[in-house]
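In what follows, structures are represented as structure tokens.
In the two complexes below, subunit A is the common chain; its partner is subunit B in one and subunit C in the other.
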Partner chain A sequence: MQWANAVVQGLLLGGLYALLAAGLSLMFGVMRLVNLAHGALAIVGAYLGYVLVQKTGLPPFATIIVVIPLMAAIGWLLQSTLLNTALNKQALAPILVTFGLAVILQNVMLQLFTADYRSIQVGDLAGASIQITPDIAIGVFPLMTFVVGVIVIAALQQYLARTKTGRAMRATSDDREAATLMGIDNKRIYALATAIALAIVGIAGVFIGIKTQFNAYSGDTYLIFAFEAVIIGGLGSLWGTLAGGMILGVATTVGAQLLPSSGTLLADLVFLAILVFLPTGLFPKVVNG
Partner chain B sequence: MALLEVDSIDVFYGDFQAIYGMSLSVDEGETLAVIGANGAGKSTLLKTIAGLNSPRSGDVRFDGTSIATLPPHKRVPLGIALTPEGRRMFPSMTIEENLLVGAHKARPGPWNLESVYATFPLISDRRSRLANNASGGEQQAAAIGRALMCNPRLLLLDEVSLGLAPVVVQQIYASLPTITAQGTTVLVVEQDVMHALRVADRVQCLLEGRTVLEGTPSELTRDQIASAYFGI
Partner chain C sequence: MSVTLSDSTAANRARVQRSTRASLVGLVVSIIVVAALAYGPYAFLSKGNQQNLTTLFIYIILGTMWNLLAGYAGMVSIGQQAFIGIGAYGIVYAADILGLGLWIGLVLALVISGIVAYLVSFLAFRLSGGYFAIGTWVIAEVIYLITTQFDTLGAGAGISLTTFRGYKPEIRIAVVYWIALAAVVVAVAVTYLLLRSRLGAGFTAVRDDATAAATLGVNVTRSRRIAWVVAAMGCGLAGTLLAMTTLNVQPGSVFKIQWTAFMIFIVIIGGIGTIEGPIIGAIVFYALERYVGDVGFWYLVILGIIAIAMVLFLPKGLWGLISRGGRLQLFPTGLRLATPLATPLATTTSSPTSGTPPTTSAEDL
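The block that comes next holds the complex of A and B.
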């Protein structure tokens, strides 16, 4: 029964991974930009939540309402200044620029908050759980994370499928030059995509801050998880990213059950196996433009 | 007054000059066909008008205003729409979604989903098909429809007949009078001279980046066109 429990916990953990990976998936999908600062930006979100709780006394979950527009604004600025310029250079430029950005962000956070681990306190909620069967208990907080992850992915999917701007984003992803011939300003679309991506990773950051302790360097691990979720799911597919997050989550918790000292080993092995046997991921985009 | 004036433009790809001091003008409501062999500079000309290339010298004026430095997405709201060579449909989107994207910066006018489907019966029952899975003819019809969705004053058509079966080319060209009847000015680029002559009020023949012959279809003889086309 402890295995069933591990699977359930893993599926819930997948919600957090999906939340972390959704923005990465969106940015890569829309502008083929590999954002190596994504993990560090999640931690920026976590610190924003932390500072808001400390300074204003906002309830931890209410900070999300403030973190979303702040991160979106950072994303818009970042894209319209630094990243749009980098995208116009050769292919390696965006990777180097986002790598450099990650280093800068880490060091700024280190200066501001020292290397001490922090976390966002939610009191009793952290340990609250619902007993399903004698052996399986679902934590209220992991369940919330999972539900938010699914809602965010579903909302983003609907936005891309149904709205005018969402269609413009997909058109730009398919063929940037043809999209400009439709009157679409691709720089604006890119800025919007990054704003959305950072808003989502900001939510993920607050959940990370509540779930666990973090410091300036915690982002690296999450960046790897986010990449793995995106690649397992298939590049460009949001539902794939959710599935990828859940597979990764289950592999982590089941792996921890097998080898308590190295829980993420199994997750990495699953990722490697997918990379070898299904290099396009589980749900590759059907169309290759 | 001319709606579009191209004033002695030079266009380069790196060191290679594709257009040499070319000029042309199109009046409102007129249909101009630009013909010429491969490499004559036809597509480069259209791309320069749409804003994908910028001329190194010379000017492009639309409705009296210079647009030579305007990026392509700012030319669409003025009423310039290009159906690019190779159609360039958005492959992961359905035909209908492609048309809707065409209306991203739509001006008021007669064109909407309904009137596009009525003009191109070829795609009216293919609305929910992915563009990637549509036939060449369906893609071409949809690409023209997509350009119309913004209600352009000037429609630029690049190589409509390329790679399509003659019967499909017929069907697509049959829709052109419906478009010009709305008062839309059309600049069509073609290798298929016969089709171009049939629809055009005026013809301009290019050879290696320069205009070598101009006139109305009725005043030009077959031999004149043949020698201008091939440069013999």
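The block that comes next holds the complex of A and C.
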């Protein structure tokens, strides 16, 4: 029953992918900006957690409380300085600027931390698991990741649906000009959206740091996973993103069983198959974009 | 080349032409430079310099191809390394494993690049904008992972190109240099001719406003697909040259995304949406890599900062500065008015039968 086990692990892994993808999805939804630095920023979050544990001796999960405001501040600054400028320039500018940013972040991290793999140590928790059946054991840490993923997605959904700024965000997403006429400061809304997106990807980063070893280059894979989860789930649908993440998670773990040498190949193929047969994703939300 | 548009109402005639004095000078200078470079190995180019120039030529081809995609057809791909890898593996497979030799191997590698590009375009074109960019990257990853599944291609360990066995090193280096030089000329010429054609006018129209272009009868998807396939074949060509220079194809090396990063830097530094830009950009990029590259990873950080600054504040790149905002064109693709009109505007209705593209300014990206 190693397959059933792989499926369960994959479903739980979906929570992490959803955490990674939520910010990407939010930024695209609000300002039609695809942040190619998203994966590198997840690794920034992982290194922040790592450094906090090393230097201050904070317990690993407590670092999240520090990482969230730090990443949010980075996001706010990034959007109000660089990205808002890029959005006002020629059409290709945002893609090119975030790509340049990814290269910069990756190489700065490489310079600061070398190419050696690091991880955030959580002691016994890493191996702890709950035995469900004789064949299936659910790891405590993967379960925590999943629960956090679901909570974050639910919270973000509620925030967008029910709060005043959430409504302003959706309004800006639907029609920027009209929203501006209604008195919404779209630059502020963008900065807020990026702050939230980076806060979430910061959480994802810390979980990545605990879950696995990482180095400066690891962000590439996570950007691809985040993107695939968004497309599989359907643009503009947060719960879809969670579902997309879970499908991708299962494809990753089952793929690792089938073809241990080829890593993410099966996950990528599942993504391409969905692109062919369900180009709008599983839960398409009809929006202008 | 000049086209005369007749105006039935006014007696005066407006001449619309493509070439300028600068472009004629540019053409002559280009021919002289290429001829001198072709003669170089007999006279003034050492083996080392031939190898250096071969690297520069590869950069020019890569920059030109990425510029064709992004600068003209408006598609930002970060998966062009897929075709570099296919070109590199393609020539090893066709020339060595199938035993077809260097020249047929080279052609076949390009054909394979083109066919794969055509097929995957049906996947990639389901996405647009930034998601198209990441989609091309996923496709490149898949091609990379599939390639390493084949033991005949050396699996994860890579494979050597043996078709040059028996050549003396100095002969091999010169032959590869000449192939690279010819490849640059072909890549730039094909891009130039493509952009001068009706199709080229379609590219820029699609890039600037796909919906408006479609209403004017431009087949948007077809234009994009042609640009995509040509750019893939160009990158495949660069891949074959890489295989010929290193004589060893490593999957992690030919398929690395850094190639696309280099292309982007080259095009942005030189000037996107011009033919001259990527050539200038490749020279600058090569010089930076050669003389500043030893500061290690900070070099890429600095390059990233320069690229971002240029996108935001100097979007036309170095060539935009040199050409004073596009007034100087060595490779003019659009048409311009040669004689001032006596009656304004009325005469500018171009005759649809002339078969020439309408004036599209390629530089106003």
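Keep in mind that, in the parts below, the second predicted complex is superposed on the first by the 285 of 289 C-alpha atoms of A that agree within 3 Å, B and C clash if a C-alpha of one lies under 4 Å from a C-alpha of the other, contacts with A are read in each partner's own complex, and residues count from 1 in each chain.
By definition in this document, a contact is a pair of C-beta atoms (placed from the backbone, for glycine too) under 8 Å apart; a residue touches a chain by one contact, two chains touch by 3 or more.
These numbers come from a predicted model, not from an experiment.
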{"item": "Partner chain(s) touched by A:Asp268 [first = subunit B, second = subunit C, both, neither]", "value": "second"}
{"item": "Which superposed partner A:Leu92 touches (first subunit B, second subunit C, both, neither)", "value": "second"}
{"item": "Which superposed partner A:Ala171 touches (first subunit B, second subunit C, both, neither)", "value": "first"}
{"item": "First, second, both or neither for A:Met182, with subunit B first and subunit C second", "value": "first"}
{"item": "Per-residue touch tally on subunit A - higher for subunit B or for subunit C", "value": "C"}
{"item": "Subunit B residues within the subunit A interface of the complex", "value": "50-52, 71-74, 76-77, 81-82, 84, 88-93, 97-98, 100-102, 104-105, 130, 132, 146-147, 150"}
{"item": "Residue numbers on subunit C that touch subunit A, as the complex places them", "value": "70, 74, 76, 78, 122-123, 126-127, 129-131, 133-135, 137-139, 141-142, 145-146, 148-149, 156, 257, 261, 264, 268, 272, 296-298, 300-301, 303-305, 307-308, 311-312, 315, 365"}
{"item": "Residues of subunit A defined as touching subunit C within the complex", "value": "28, 32-36, 82, 85-86, 89-101, 103-104, 107-108, 110-111, 220, 223-224, 227-228, 231, 261-265, 268-269, 271-272, 275-276, 279"}
{"item": "Contact footprint of subunit B on subunit A as seen in their complex", "value": "164, 167-168, 170-171, 173-175, 177-186, 285-289"}
